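In what follows, chain A forms one complex with chain B and a second complex with chain C.
Showing the complex of A and B:
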């Protein structure tokens, strides 16, 4: 085995790590919302798509500084998350799970169609290209490094919020028993609305990172929505730590599998792994 | 303090609570008793906001609270414990109580203040364990009580707080409710189907059967009431005897 081989394998593993950070962030918002409200936002990736358009229009059309445009986009998607809860989720909060899936699925197609009408089907991009970073013989995309760092920052910030603040404690408590919370004087509606905005903000953060690496088009949600959902299921739906672990495992399958075979095969192997896990642990790696 | 007037709950044709009226005076301990399925817990749920009344009114300190969401009832000053303790198992004992202290009274208080109140409340109920999974039946009941007290209620609704306890623990729990009234001046409505211990602590009783009030008065009077004895006959008859005996002493 030559040294070169090892270096490229290491590069693949490290790239998998970087991808894992991004996937972990993607799964975080979906898991948070499901863990607390018990509703799966099938349209989660479409919220991210809206955030990507927000960054694009604010930065390219209205010439806002990129960082400002990104902060505003996070706010926009947080608002969309809140709106989604108030308009769509709240009326079906106690309905059958299938109905909840169907309404958020409806929102998915609505957002896609609305984006097509409003923004057109052509691909758009920021025109910002971050350089590659070389480390010895390995090279990494700076966009991925930034995404990894921001994703990790987002994960840590959320963890601190949930474990160290009262609102965070209330969110964790209500995810365990929503019927009891009102007796402590907590309005569950407020906590749900806040959680939805928080889930939206995480989708917004993901949008800011994805827009650095990918072109924007109305159907872009379909290219990472399913994988986000699979990672959440793999880790145990609603289990944020599980989603985190699953994201890194999944990313390694994609990156290392892609290294040994071809990029497409990386995905195939990752999905075979997913199906195998579903037989072995139907509730996910860290599911109860 | 609490005026329940013609309260009715209709579950699709089944009247779980029919035209129930009673009053609770400030500083009083009222026992709400009756056999299983007599509507005691439903009455509690209607007062605490877990269920909406079909008819009738609930007035607390002069304000109508019937049909308000549970968190607003908690803010108004009514605390409630459950027959089956429902702690947040993934939070520490202290966090469980601190959460109630922080949100319960609907005042802006600091984190330190919430923890101070939580510790004080845990001391009052005599609970020391740190983790919820280390608590037995008696400990869970104490935690349930501590959470309700941490919301700083003026009225405590205690639901079958003695179920699942042995005799010594029952005595202790009854003494604790008496102490809560004595030391904190909290008015208490106590739901229980075990009559014996209750009879020695409460000032007055309201007896429910099939969703209706069938008797009310001092424990000794209620325990001698023929209707009450008949209702308990065949189910808890020895307990009525014991209660009547206890009340005479």
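Showing the complex of A and C:
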């Protein structure tokens, strides 16, 4: 038994922690949008894919400095988030939830097909590799450490924005009572548009960090979309802190489960845990 | 009345002209992850072969009407497209197919419809093994051979290159968990065990997994000398990236086709880190020694290279181009003419008989192998018994054949030289 608790187990745990940071970052924007607008962007991972392409083309094709390309990509995806709201979500705001799901599902397929036509099926990558961070026999991805830091920073920044600014307060108020706030002078349309842009910006931030670790292709969203959605549901849809916690729990199941058993079992255990939580707390770990 | 007769005549001629074609439905993936893993190059190779035939008038006067469909890297789409090709497009032959995950269920469907299916790319042995298929044929090598080849290769060089007895070599086998990966890994395990090698880890994973760090950690703990890997894309790039970041060290990495054969793409991502990597696949035609081929074959190879590069530009041609081209060429140049001449047409029965008569010696095809299909009653009936893959090694982006010895064009570099990113 003692040899199980070796340095490799510790490496698996720490890698799970870093994966958790990545998943937490992914879930942040989706939770924000659902929490405020009450609509699930099924196409959220495809917005991230658009951001990854934006970084790639600006940096590799147009030779922008990487940081500038990333900032621009965040702006591009924020704009796409705003556009998604104006063109697709707004007309179905009062429709049945299933219709809202279907319409964003349609956008998912549209974006995948459009990316295939526009960018081709070639796998693209930045050709940028961040150095590894070594700790004795253990070694970690610097890109994941950055993602972990960005997730933490993102949650803190979002918390400050939502709790300390007028706009943030308006957003929280709208999310609590959509009907009453217009009577107090808050324009829900503007708040929804702003939230969508903010959700898009968070997707753009995730794109900037994913592009350092993954190849870009039109179907990349399929690797992250379902798992991001599950994490949001596990934490409590719309609950950003819940999503954050759920991401780390889910990631530990994947990493440590995959270490003790086959890699696939890590995912199986994580999904079993998800199902069990849904029976125990149908609204998620921190859902109300 | 004269006008009516002329119209009737014109209609009859038009009808006859319409009949003078052979409809072949090709299924490849030109979107989704399989496209970049070799399916698109295979389709380009296939198109080149068909164009060459149509430019010289088709097959025995029959124009080849090729209908290409996109399976989108999805099994259900592939099956639906096959159904559409057979039921609506009324194709005479279904062909192509990149992924073994698509091939395995598809053969059941075509077989029950008695529709002739010609498989160009997918390799899983499970497609044929003990299924008693009558109308499915595959000139391509099968996964058991891929799996055995890598073990034979390291067994041969164990003493001279690794300075170790085969039984002392630590081998890890990792694979995507579809029929392709599982098939190759089973071949790996069986053959490496025959050579007495020490298999320290064997594990599958999903090709769409977003994280493989725990697999890398387990490999680090298992400390293999040789890593045998079977995967598509993007799982291969994800694994290699995480393996490098986490400091995995091995003496050799041997891939088994698909993503490992897309060396241009791997180099774009990993640069010099993929130097001295291996991939096992049927030979890319352009790598073979022309002297080992029958007269005229090398000219065909040159034409294939020219046509592919006209589409994709210069660069190393992945073996999948040859698979698409060569295996389509065998169908059009050998099987179809015999079906028409000896068996009176190109319905499934005629094609089946013609395919079973195929007897091309080694060196008679663009990829060097011969063609003779296992007969009905054999556990692999419909599989080409003369196909074989080769072990290629990549040095500075160029592929060289390093195994088997009979077709080897250069001595392999084993183990990874000092200073290599994955070298111990």
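For this structure, a couple of remarks:
We adopt the following convention: the second predicted complex is superposed on the first by the 283 of 288 C-alpha atoms of A that agree within 3 Å, B and C clash if a C-alpha of one lies under 4 Å from a C-alpha of the other, contacts with A are read in each partner's own complex, and residues count from 1 in each chain.
FYI, a residue touches a chain if its C-beta (ideal position, glycine included) is under 8 Å from a C-beta of that chain, and two chains touch if they have at least 3 such contacts.
Since this is a predicted model, take the numbers as computed values, not measurements.
With the C-alpha superposition on chain A as described, chain C and chain B fit side by side in the combined arrangement. Contacts of A:86 after superposition on the shared chain: neither chain B nor chain C is touched.
Look at A:215: by the touch rule set out above, it reaches chain C but stays clear of chain B.
Contact with chain B, but none with chain C, is seen for A:166 once the two complexes are overlaid on the shared chain.
When both complexes are overlaid on chain A, the residue A:6 reaches chain C alone and has no touch with chain B. Touch criterion met: A:184 reaches chain B, while chain C stays clear of it. Judged by the touch definition given at the top, the superposed model places A:263 against chain C, while chain B stays out of reach.
Look at A:255: by the touch rule set out above, it reaches chain C but stays clear of chain B. Within the superposed three-chain arrangement, the count of touched residues of chain A is higher for C, of the candidates chain B and chain C.
Superposition on the common chain places the nearest Cα atoms of chain B and chain C 37 Å from each other. No residue of chain A lies in contact with both chain B in one complex and chain C in the other. Chain A meets chain B in the complex at residues 166, 169-170, 172-173, 176-177, 179-188. By the touch criterion stated above, chain B contacts chain A in their complex at residues 48-50, 69-71, 74-75, 79-80, 82, 86, 88-91, 95-96, 98-100, 102-106, 111, 114, 147-148, 151. Contacts from chain A toward chain C in the complex involve residues 6, 8, 11-12, 15-16, 18-19, 113, 116, 121-123, 125, 127, 129, 132, 134, 137, 139-143, 213-215, 217-220, 222-224, 227, 251, 254-259, 262-264, 266-267. Chain C makes touch with chain A in their complex at residues 30-33, 35-36, 40, 73, 177, 203-206, 208-215, 217-218, 220-221, 233-234, 237-238, 241-242, 244-247, 265, 268-269, 271.
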